[in-house]
Amino acid sequence: MDRRLFVKLTGLGALGLAARPALDLFAAAEIPAHSPLAQRRWAMVMDLRKCQEAGDCEVCIAACHQAHNVPKMDRPDEEIKWVWKESFHHTFHDQEHPYLDEQLRHGPVLVTCNHCENPPCVRVCPTQATWKRDDGIVMMDWHRCIGCRYCIVGCPYGSRSFNWQDPRKHLAEPHKDFPTRTKGVVEKCTLCEERLTRNQLPACVEACPAGALVFGDLGDPDSPVRELLKSRYTLRRKPNLGTQPQVYYIV
Amino acid sequence: MSQGKLKPEELARINYQPPAKGWMDPDVEFRKGTWCYGAVPDTLKYLDLPLPKKWQPSDADWQLPPNWKQIIFEGMRERLQRFRTFKVFMDICVRCGACADKCHFYIGSGDPKNMPVLRAELLRSVYRREFTKAGKIMGKMVGARDLDEKVLKEWFYYFYQCTECRRCSVYCPYGIDTAEITMMGRELLNLLGLSIEWVNTPLANCFRTGNHLGIQPHGFKDSLDFAADELSDLTGVPIKVPINEKGHEILFVTPSADYFASPHYFTLLGYLALFHEIGLDYTFSSFASEGGNFGLFHSHEMIKRLNAKIYAEARRLGVKWILGGECGHMWRVLHQYMDTMNGPADFLQMPKSPLTGTVFNNAASTKMVHISEFTADLIRHGKLKLDPSRNDHWKATFHDSCNPARCMGLFEEPRYIMRRVMNHYYEMPEDTIREQTFCCGSGSGLGTDENMENRLRGGLPRANAVKHVRDSKGANILICMCAIDKATLPPLLEYWVPGMEVGGVHELVGNALVMKGEKERDTDLRGQPLVKPAKEVQDAA
Amino acid sequence: MTFGFSLFVVALLIAIPALGAAAGGHAFWGVVIPYAALAIFLAGFTARILGWARVPVPFRIPTAGGQQKSLDWIKSSRLDNPHSAWGTIGRMALEILCFRSLFRNTRVELREGPKLAYGSSKWLWAAALAFHYAFLVVFLRHFKYFVEPTPAWVTAIQGLDGFFQVGLPVLYVTDALLLGAVAFLLGRRLLDARVRYISHAADYFPLLLIAAIAVTGVLMRYFFKVDLLGVKQLAVGLLSLQPVVPEGVGAMFFVHLFLVSSLIVYLPFSKLMHLGGVFLSPTRNLPNDNRMRRHVNPWNYPVKVHTYEEYEEEFHEVMKAAGLPLDKEKSCPKAS
Amino acid sequence: MLEKALYGDRKYWTWLAALGAVGLMGVLFYFYQFANGLTVTGLSRDVTWGFYIAQFTFLVGVAASAVMVVLPYYLHHYKAFGKMAILGEFLAISAVLMCMLFIFADMGQPFRIMNMFLHPTLHSMMFWDTIALSGYLVLNVVISRATLSAERKGLPPAGWVKPLIYLSIPWAVSIHTVTAFLYAGLAARPFWMTAILAPRFLASAFASGPSLLILLALILRRVANYDVGKEAIQKLAVIVAYAMSVNVFFVLMEIFTAAYSNIPEHLLHFEYLFFGLEGKSALVPWMWTSEILAVLTLILLINPKTRAKEGLLGLACAMVFVAIWIDKGMGMVVTGFVPSTMGLVNEYFPTLPEIGITLGIYALGALLVSLLYKIALGVRRSLV
Amino acid sequence: MPPDFRKIVFGLVIFLILVTLPLWTNLLRGTAPLEDPEISTRDVPGKDRCVREAEYMKANHMDLLNEWRETVVRDGERGFVTVDGRHFDRSLDRTCMDCHNKQEVFCDRCHNALAVSPYCWDCHIGARETKDGSTALR
């Protein structure tokens, strides 16, 4: 792991643990002057070539879905997906042309929630069950979601999934450390915010054997994501919509 | 009549804001125009009623016997053991106030003690004090108060400002019937000889002569013969009226006002015409020459004493069943008390219309049928030849009299008749008819002159609804089926709705009835010219 | 003043157990008081009903709320003016379950003219209905404290009542309805001059008492939590005649229990007996079949009447002169 | 006044019972959906909104259309609408309640519906739509109750009603505008992202709602002997004619913009609607039916002679209603999802439970309309 | 006695039975025992006491959990420091259920007795034991 990132994650975790217990007014802990989250801007860079070299991407998907109790639905049209493979055509159809490199055209593209800078799903949600955290994570509150699915309608990237039925029946081995969802709520990638507080990288990033996924803080000029974005040309999905996705693709 | 000076718009300026002071401290002022004269000693004596005296309610001293409170409490105790209505209604009122603006006296006067709930509370407050533990201990806090002379005066004042019309009872969630309470209140007052002349004089008359007006048998016969002659003149058909004759099928009983008073008289002509036309085998009785029963406004005992003569006379004359004329409180007694008090009428037969064969199962026990049921059945079976255009000079609306309305539910029969004997019939607004009908304001023995202001106030809701139909439809006659209505509505309407006439259902029947062998009629039963149909007028021209 | 007095009494009924239970003696507040209250309630209620039942109904005087049963071709109003037993049962059911008579309520307005106008006025009906049904559901919900295991129907009612996930613990719709309806009924008594005029302390008191019961219940649910398991142990103990007094049940509970005990003790001696009385109202629970079937008055007694014989005796002369038939030919005095 | 709904003949009760039975069926289907989740519907990852939301959208239009009788009657004192205004208001009440039921049926977590008010979110169009619809419901209930009860008493309505009536006029426009904003502001769905959506919604609403009102008036004349008057019906027919013309015009504008610009994201949806995509063409016959009906109705409605014939007018109104129902209740919502944001073409077919619930809600709405109309007619009839 | 006396007494008896129904049910059918919850704490190093005192938790645990979930989910703050300075993770699954590892006797016993059905377990897995000892989903 990148050392600087590690330090950062550790700091964040420690601060998180030490943060003010909201219940107890007489808590001894000190309240930090401002939330550290505001200084961060998490982003992910995916190197598609490396992805394709690594093989079928199933490892990172499995890691994510296992960590978050994402069920495997029987019906494809009810699939719950936090991170998954798509064709180049469906991911970047506005940037596709007949003369595209064949490997790129046919190889898989890993997609997930883009944690947009300007997320339309957040704008439409009528109950603030989804919102953008200070560190850029587009977060969800499954306790509050009323299941109206407006966010799915508003998301240009198909990143959100709805629990059309009870997901628990479709979980082979539920994982106790992370809650499942109940039927009737929307869910999606949370950028492993629960892992970040514990000084861990997102599950998919950690799992990728080819190191195709790079995670980091755009707020830090020396972060590896900044390095990559500086040195390599990257694509983002549907840039014309002004959503400012924070998942970047190196083609 | 000091109230005569008040113009309708002045009388209608009513303040509904209750006084700031509570109602528990009695303070009744016998203002002229609001109360009836006290009963004279003679009538009380004639009827063997207690404590006759020369007395007026406005007197300071009511000449009460020293043990008067004890008499009242004994009377209450006795009635609490006899009438479940009384006991239950004393106990369960929650004072929700739904009854408040249902009372015509409250609407017309704004006097908060005319709200049915408070009228009953006048009695309840004493009941609580004497008969409930809570009242004995908690006193005013639970609405209990001591009986004293002021309270007694208040009782008198307000129990003779209730016409026992039962309108409030329709809306009460527990069915509390203020009429029952007023009746108890009046019975208690009677124990002290406190009654009103307008009730007691008819009582004594009725007891003696068989009718309220005190008409003796020969006067009764004269008047029926006169009516028969007049009808013969009007129709050209010779008519005879049987009286006190044995061996007929039916005894006909109607209120005595029908023989003398106007506009009752025209209804009588209607009956006579109808009975003649269908060849009814019937007789009048001079002894049972009164269907009405002022006992209802006095006491249960007096109801029974006066009512007894009807079955007795039916038995004596050997009739099969009894037919009753248009009257309100008469029907309340016949419907609700007669069979229980003076029955069983097992010497009579199941009433059956001799013309249509219809068996009146709804009168299977009392054996007494309402004339409108009888006539409606005749019309339904096509037994009458009717010319509705003979009522074209009338635009009628119908007043459901409280008693046939809320004690029987007699709504459709008269309407059915009216729609077939006339062409212009209109209803009053729906909140003022049928079971929601408003009282004439003068029922239950209050139809006298000295309390005219109160009668006009109490009659305001009825008159106002009539005015509505007069203004919107041009109605010119108010039809009713009650002798008290026919007597008291004319002055009421003259005051509030000038130009309205009052008539009876069978007056209209008599007008429209085409009789065998009749001459061409050019007047109605009142002698007023008929309106010729436009075509005939043209032809004549 | 009447309102102030009621308020004072209710405050007293709160203060007594609050101070008392704080001082201890939970066996008294938790066992003696409720048992005594229940006994008084059952005995008092029975006595009141029997007291009414012993009094006869001499006459059948139902209020006709619609067309009578007469001729076959006229449609009679079977529920508003019943003539049969089933019709009467229907009428009573409508009255008790739907407050049929109150549903008729109107409000009169006097305008210039004069013109009287009658407006439909259903607020009292709606509030009364809401109040009584909410109260019933709240009462039924409490069965979860009375029996163990909790019956399934109680869980079902509770689930429906708390269907909408608002607040934690979840808000019961009937709690809100009950408080709202009590507020309406109280507000009406205080603000409507006419109703204020007819109200006694005895009218404010039960409303305030019920409001206090509801408020203490709500407070326990949301703010001053008590040990509910202890509450249930106490309640089940009481209701299986094996009273136990668990430790640590909060004082708020004893206030609630005392208020409920006060209510049921008060009930048989107050207007709240309309609970039983509504079944016994002769204007509603009798069929309007007076002319069809004879009703017997058990205390019917003979009265002094004027007989035809006396009548003919008095008017013999004039009747004869008028040519009316006579029963007795009196020996005519000799013609002079 | 409520008691007016309780007195009716056998036909009336049979009608209510039939609607109640269908409503009950809907409720039973809803229990099934409630227990199993929205998986029982035909909705999917790609088409996340379907029949329920489409019916909601359509019925918002019906609700808004009440303004077409309220405005001339109250603002311009157009007396001929005197007997029609209350019908419009009561139809609006029922339509809004149906809208709410459709939203409720569409919720994944119905018990959390109060979160809409517990966590009001000013930047969400759905929040504003909730406010608009609830407000409109309250306005119509208060106004219709106040005016009808004043009428029953024979008095002029209270002074405070007038401002509410004036408020209800822009409010009616707002409910359908905000409903259009639900869709029109989404960058993800180019089919809906058009500035003309709100005007188009309003035009179609002012055609479909009044045509339903004309049909109801014709039915009431037959079954309830209540005549709103020939003039009222004809005036409303003119309104339908204009609104339908504008509606068709707007649709043509949309098609031109998409077709001429040739931007695939815009064009593909229309292609799907009218010709099908990737061999998937479930909506094609429906849409052509709708368009043909639209043309026919324009012929019938614009021609004064055919419009004046009430038989033909009734037919034309039924056709308008069906045409717009297909357009909004079937095509409008679903097509926004085909192709999906990922370019996938997955079709949507409502399932049996979904249709059952939908019919149930319509039946409950019809039941409410029947009860309310019964009240209105009963009050009118009782006046002397 | 009036003819309807017996009818009224019959109605009264029905009413009295209805209002005392719990009494009859309990007396005739008996009641199930009402047991206090078992704390069922297993020894976790450094976690010898709960985050708040037992009395508070007994009455107000739902408020604490609610507060925790708001803070964790919406503010992203997971650390909780007790009054006496001990550090915990704000987590139902990883903190509460870690010690109170027998849900049936700790949570469910009271909840069932009081007919409380918290919706926590719709998503959170909890610690119900099945026969084979593995964690089971409801």
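Which chain is which? They are A, B, C, D and E, in the order written, and residues in each are numbered from 1.
To be clear about the criterion, contacts are C-beta pairs under 8 Å (C-beta built on N, C-alpha and C of every residue); 3 or more make two chains touch, one makes a residue touch a chain.
All values derive from a computational prediction rather than experimental measurement.
S.K.: Work out which chains are contact partners of both subunit D and subunit E.
M.R.: A, C
S.K.: What is the chain whose Cα centre is as far as it gets from that of subunit B?
M.R.: Following the centroid criterion, the farthest chain would be A.
S.K.: When you take the mean of every protein CA atom shown, which chain's own CA mean is nearest to it?
M.R.: So the chain nearest the centre of the shown protein is C.
S.K.: Counting C-beta pairs in contact, which comes out ahead: B-C or C-D?
M.R.: B-C
S.K.: Report the inter-chain centroid distance for subunit A and subunit C in whole angstrom, where each centroid is the mean of the CA atoms.
M.R.: Roughly 63 Å separates the two chain centres.
S.K.: Distance between subunit A and subunit D based on Cα centroids, please, to the nearest Å.
M.R.: 40
S.K.: Using Cα averages as centroids, what's the distance between subunit A and subunit B in whole Å?
M.R.: Here subunit A and subunit B have centroids separated by 87 Å.
S.K.: Need the CA-centroid distance for the pair subunit A / subunit E, whole Å please.
M.R.: From the centre of subunit A to the centre of subunit E is 36 Å.
S.K.: Touching two or more other chains, which residues of subunit B qualify?
M.R.: Touching at least two other chains: 84, 429, 468.
S.K.: Give me the residues of subunit A that touch two or more other chains.
M.R.: In subunit A, residues 182 touch at least two other chains, as defined above.
S.K.: Which residues does subunit D have that touch at least 2 chains other than itself?
M.R.: Within subunit D, residues 112-113, 115, 118, 154 contact more than one other chain.
S.K.: Enumerate the contact residues on subunit E facing subunit C in the complex.
M.R.: Listed in rising order, the residues are 1-5, 8-9, 11-12, 15-16, 19-20, 22-23, 25-27, 30-34, 36-37, 55, 58-60, 62-63, 66, 110, 112-117, 119.
S.K.: Okay, in this complex, where on subunit A does subunit E touch?
M.R.: Residue positions touching the partner: 16-24, 26-29, 37, 131, 133, 135, 139, 141-143, 168, 171, 174, 176-182, 193-194, 197.
S.K.: For the complex, give me every residue of subunit C touching subunit D.
M.R.: 103-104, 109, 111, 115, 117-120, 122, 163-166
S.K.: Which residues, counting only subunit D, touch subunit A once they are in their complex?
M.R.: The contact residues of subunit D facing subunit A are 36-39, 43-46, 48-49, 103, 106-110, 112-113, 115-116, 118-119, 121, 123-127, 130, 182, 186-189, 336-337, 340-344, 346.
S.K.: Which part of subunit E faces subunit A closely enough to touch in the complex?
M.R.: 64, 67-71, 73-83, 85, 87, 89, 93-94, 119, 122-125, 127, 135, 137-138
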